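Letters A, B, C, D, E and F mark the chains as written, and numbering starts fresh at 1 in each.
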Amino acid sequence: MQNERYRSGLKKLEEIDGKAGKRVIDSLASISPDLAKYTIEFPFGDIYQRPGLDLKSREIATIAALTALGNCQPQLNVHINGALNVGCKPEEIVETIIQMAVYAGFPAALNGMFVAKEVFIEREIIKE
Amino acid sequence: MQNERYRSGLKKLEEIDGKAGKRVIDSLASISPDLAKYTIEFPFGDIYQRPGLDLKSREIATIAALTALGNCQPQLNVHINGALNVGCKPEEIVETIIQMAVYAGFPAALNGMFVAKEVFIEREIIKE
Amino acid sequence: MQNERYRSGLKKLEEIDGKAGKRVIDSLASISPDLAKYTIEFPFGDIYQRPGLDLKSREIATIAALTALGNCQPQLNVHINGALNVGCKPEEIVETIIQMAVYAGFPAALNGMFVAKEVFIEREIIKE
Amino acid sequence: MQNERYRSGLKKLEEIDGKAGKRVIDSLASISPDLAKYTIEFPFGDIYQRPGLDLKSREIATIAALTALGNCQPQLNVHINGALNVGCKPEEIVETIIQMAVYAGFPAALNGMFVAKEVFIEREIIKE
Amino acid sequence: MQNERYRSGLKKLEEIDGKAGKRVIDSLASISPDLAKYTIEFPFGDIYQRPGLDLKSREIATIAALTALGNCQPQLNVHINGALNVGCKPEEIVETIIQMAVYAGFPAALNGMFVAKEVFIEREIIKE
Amino acid sequence: MQNERYRSGLKKLEEIDGKAGKRVIDSLASISPDLAKYTIEFPFGDIYQRPGLDLKSREIATIAALTALGNCQPQLNVHINGALNVGCKPEEIVETIIQMAVYAGFPAALNGMFVAKEVFIEREIIKE
């Protein structure tokens, strides 16, 4: 019953987010498998499949937006990991977050940076 | 009395935003020249001067954030122009805005796209 | 090349939003027909097709969210029309918007109400 | 010294939110009993008393708004409970939250769904 | 039928906002006189009546919040006028808005400042 | 290598926020000392140095904005402490937060008040 968008979306999700994306999907199984399905189909089966913007730039755009919105820290964690997985340098992630101080204020930038710090420590990019 | 951050900031502002950035600065003269000064010094004298992320990626991050926040349409107009000025392709701008449907919802993406449409028509990239 | 989600989405869009929805779609033609396509497919081809919540309740949820977010007034206009089209009473729309004063503050509720006023005048539900 | 708005508000608060609403009120006693008083009087003594929109629709509107705003998870928890208390079906709550992916993005919908999951597990509507 | 909260609220509204506040109330007459009533009763009949924070500080808090939220420009206009009416100096208003660059980003501060500019020109505090 | 803005900013940060501000700065050392530097230079070296608005009013503006934005609770904690440090009375902080119910809704005000409660208990202004 899985359609093509779902299949290519799941593959893209795994390419970008590795196990973290899969964990989000699994955690929806008991309450809303349909939201999990849409999360695979639309963002990863439609949007991240598109040519016209490379995956690294897509992840920078996502990190910028999630840092600026300021209330999506679990998703920011997943996408900082995703950015590293598709080849963004840690420095590029840090720069993107610093820049959000200009557009969304220092609290948003600081809170985004603390999410990056967690991810970088977990991946042993920096020491605590 | 102009410091080095101001001077290099003004130069960067002109490189990125051309006359549009200057117009914003001028429009503050009668009410708060200090806010104009800070707008040059911190975003353009500090942040956009930094190595570690190229200007094209910085503009993609800014377009993503301003589209997602959804209440900064004058600034989004300036930065879509800025993105084009520093070499982003129209398609990359369109892709960044489409992607925001995922992270900030369809209204934010639609409203961002209508700002891009205005800019693209003005610059004769598309016809009305 | 139009898939089933697109076809049923377009039909649902017309059922709910009448010409207003179509105008939004058309206005994207020159800049991003793909965003138009996604706007039909995901919200109207997937979500508004779902059983489990009647259309009237879906429109009340949408009006509540757009009023609370406060920066989506074109979409709020479309959906206040949509709510009336699917059978919501004007009073139910007014009540939903008043209630947002509790959750998003008085400015959000007032600005939402002024959008409703425009729609109600246009549809001759109230006089100016 | 309790006025009529307070008395009918407290009764409505207990009808909708049961003990959870009362706990919020009690937790304000040491810092701002007046904010507790206003929380009873205006939302529950004024707004939720109004005819023109049934309680189930009011709770759907509130769940939609709190999910879309994305930074009110304690209140979302209380109102998902409230929605169940006044007769909303779990499915209607799930549908309302899924729909917010359209208007506020997937992160908002996902984070709202995880709050619903907690409530549904606590009330043994679903298993972990 | 007007209660005491309404009467003292209307008086406070006129003290703070002068004719501008009254115009907002009047503009709701055809669509939702009840929202007008609540806007007088709760903000002006309850909150702005309270001792413990002087009116000037209350207006500074309101200008800060409305600038930071960024999507309440009609209300920001009314309250910049209100701040001047209760004795805030133009400089204090400008400082409050500049400071929002720190907490909500430069676009929010710039857009808030342009609202202040309109008010200051209208009141002949500055020239265009 | 520390410039004058940094030096006076650090002094102002310590005057306002005491050890809490310093802890935020230190916690950035391993990931982005530059964001720490900007956080000292721009908000505290530029903005909080300015005449034209006294420090108490600046803290009230900040508490209002952070409560209204609703997703900056660590920064709200620091600035409620800061407000007390520069001479705001607990009552003035409580009033500022209550007032945000009007402009940003009850959930924002309630969540802000719970941050104040934590600070007030820690500083033994109130008992749990």
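One rule holds in what follows: a contact is a pair of C-beta atoms (placed from the backbone, for glycine too) under 8 Å apart; a residue touches a chain by one contact, two chains touch by 3 or more.
Note that this is a predicted model, so its numbers are computed, not measured.
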Chains touching both chain A and chain C, listed by label: B, D, E, F
Chains in simultaneous contact with chain B and chain F: A, C, D, E
Superposition of chain A upon chain B: rotation angle, C-alpha, nearest 5 degrees: 180
Most remote chain, CA-based centroid, reference being chain B: D
Pair sharing more residue contacts (C-beta pairs) when E-F is set against B-C: E-F
Fraction-based call for chain D against chain A, same above half, different below: different
Euclidean distance of C-alpha centroids - chain C vs chain F, Å: 39
Chain B-chain E separation of Cα centroids, rounded to whole Å: 30
Touching two or more other chains - residues of chain E: 34, 38, 42-43, 50, 66, 68-72, 75, 94, 98, 100-108
Chain B residues within the chain A interface of the complex: 42-43, 47, 50, 52-53, 57-58, 60-69, 72, 75, 91-92, 94-96, 98-104
Residues of chain F defined as touching chain C within the complex: 68, 100-108
Residues of chain C defined as touching chain E within the complex: 70-71, 94, 97-98, 101, 105-111, 113-114, 116-117, 120, 126-128
Chain D to chain E touching residues, read off their complex: 34, 38, 42, 46, 50
Contact footprint of chain F on chain D as seen in their complex: 24, 27-28, 30-32, 34-35, 38-39, 42-43, 66, 69-72, 74-75
